[in-house]
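Here the chain labels run A, B and C in written order, and each chain numbers its own residues starting at 1.
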């Protein structure tokens, strides 16, 4: 029972991070390898706002979320804008370089120690009993809720709103979208903003659950196999991929060896790449075009 | 009134290859203007320059101006050109295949709902076939339906100048005729101006008010369709009515350049 | 562009010549002399730096063959280096294997792993290939750390200085000689390989794989051969690295190492062996430049306590700047400077317009 709960919470964390990979890839065909760092910055931003607005935790969270969104927009406007239409390698390398830069800056700004934003917020993270001997932390429960809200919101947004439809159109055929009057820079900036917002939210929840330091990046890196397993251009695929990878990881920790946990996602990823490289829910055509 | 004026346009690919060498065109309000020529004549490059996509293949406008309603639109991003009312129906990849027909139209819409409803009604009266498949994914449409959808979604941008690239490409001759007729009807209804880029000279000259012929990056002939149709070179090389039943290309004829210059 | 007047290629042999003009011979001789005199004049610190650069050159040239010429993006370079180092470490530790045995063994392991890393490339391209090699990197790294913990080398495996016949390689000067010879040999080997059928097949593959297949190039074999050749060279670099350090630990082969090697290609200039060398020099010396800057400049205390973070950030920044401003890398800068002087007082202006 506890294993199921652990799987669900881990899957929720992965899913929340993975949707950032999917959003950016879907709209701009860029695999954002700086997403882990952007997620980590979300946690650090919460740390800062929590001490800035001491005593008003909700305001602190809201400001941190806004800053996350702004960070994503900034990354696009300052950096990624110049790489639209460039080769895959160049764009991926840019995100790698950005990741290194952000990691260094994060240590310079917030030091390398493990820190707990919950303390500054003045909140607790009690373990809730679910019956049957299983427990879930309040932050874990919140993560599950956040996944439901974010994925529900994103799916509705992409399906029914004009901006969502434009985003899908731009992802499929940016040239035609521009010819139809869609301002690509705005759509791409929005995608980066939303991706960083959801990633930042994941970082904040992670920071609340287990504190924040440089190792948060590893969690972000482990979430990108999730996005690939589900199919890089499929949001619902990311949910399934998250469950799959999280289950494999939790089972491996329970029955094999805790040390394996860091590579399990990559084993799953390799198996997927060999069997069905476009992912569980990805479109084959999108893969062939790479 | 001249809606689009291209003046002595020069386009260079990869910094070495001059694909368009001083092309001048004028498209008057309310006209259908045909731009004819074979592969590699520079038609599509000219069109790309107008619609703002010139930077994509490492191409550059090195000289000349592109004036739309007197404003130089060169250097504007493509979506800004589209929002000014210059809308392209491209040659390939003309619909969003993963989106439904309605969503394809929705991408192009940027007016309030009431106005949009009027446009939707209009589009569906022009292309009743589209109304029947409105919830289908565009990837499953036939070639003809795709072309209709492409024109329809261009109309949703509320164009004043419609640029149509190779309407006839890959379609049956009957369908091409029908689409050309449809285009004329739409033009009248919406008071559109159309620049038609075509390899199929016969189909284009049938509906056009004025025509330009491009060869090797230059405009070599222009005039009313009747005059163009009567010209022996056009008859031989573009319409296939040569006196000797041989299908030659204009490139095979030595005297061609000289004759053309006299004519001009 | 010709760089000597009155120099025309009059035979097929001249087309193939590596060194074309007397000026190039002179420059080459000067370079050889400089490199030969260097260990006699340099301080121990500079000598160590030079050795690190030479090690990096071997690895960077290997990656350049794979990514810069065959067009196969690999993010598993550190995994291959680690494989070479660990083969050496394990053989020396468990079996007491001598230098002349561990070197070919590392190469053989590299060849096998090259096949393994290359297999996904038969099906995957571009981004997906990069991701699969990244996954393989993590798996190799995991196996390495498993070995370390299982066999009680949690801090790493210690290695004795290798013997070459009667000579014990324990002096930085000796190492310099060996590494310089190996690096030069690898460079020359790669240079020659690229002029053969195999090398041309790789370049065709990089430019357009479908066309390469249509031209009768066995695409699968060419891809695999690129991976194998590159991996063998990389594993050799790993083996030498292990001996040079006298110490093998998986810590030294993190994802960051891969990124450093990719950065060497980018900063040096993709698609050129000379670029790989320039990039290796730059990336290896860069952290020391930062050290120097932190020492010399009056910086806040936090910057000096977290010098490694400064290096990190500066490295990311410099990589970004190269990607943004100079995609052709150091080599592009070098070419522009050279052209400027060759053509002086005239200027070469490409056909370009407004915007």
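The rule we apply is simple: contacts are C-beta pairs under 8 Å (C-beta built on N, C-alpha and C of every residue); 3 or more make two chains touch, one makes a residue touch a chain.
All values derive from a computational prediction rather than experimental measurement.
Ranked by C-beta contact pairs, the top pair of chains is A-C.
Chain centre most remote from that of chain A: B (centre = mean of CA atoms).
Centre-to-centre, using mean CA coordinates, chain B is 51 Å away from chain C.
Centroids built from CA atoms put chain C at 33 Å from chain A.
Chain centres here are Cα averages; for chain A and chain B they lie 44 Å apart.
Only residues 51-53, 56, 77-80, 82-83, 87-88, 90, 93-99, 103-104, 106-110, 153-154, 156-157 of chain B touch chain A when the two sit together in their complex.
Residues 85, 162, 165-166, 168-169, 172-173, 175-185, 283 of chain A touch chain B in their complex. Looking at the complex, you find that chain A touches chain C at residues 31, 79, 82-83, 88-90, 92-94, 96-105, 107-108, 111-112, 224-225, 228, 259-260, 262-263, 266-267, 269-270, 273-274, 277, 287, 290.
Taken together, the chain C residues at the contact with chain A in this complex read 73, 120, 123-128, 130-132, 134-136, 138-139, 142, 145-146, 149, 256, 259, 262-263, 266, 302-303, 306, 308-317, 319-320, 323-324, 327.
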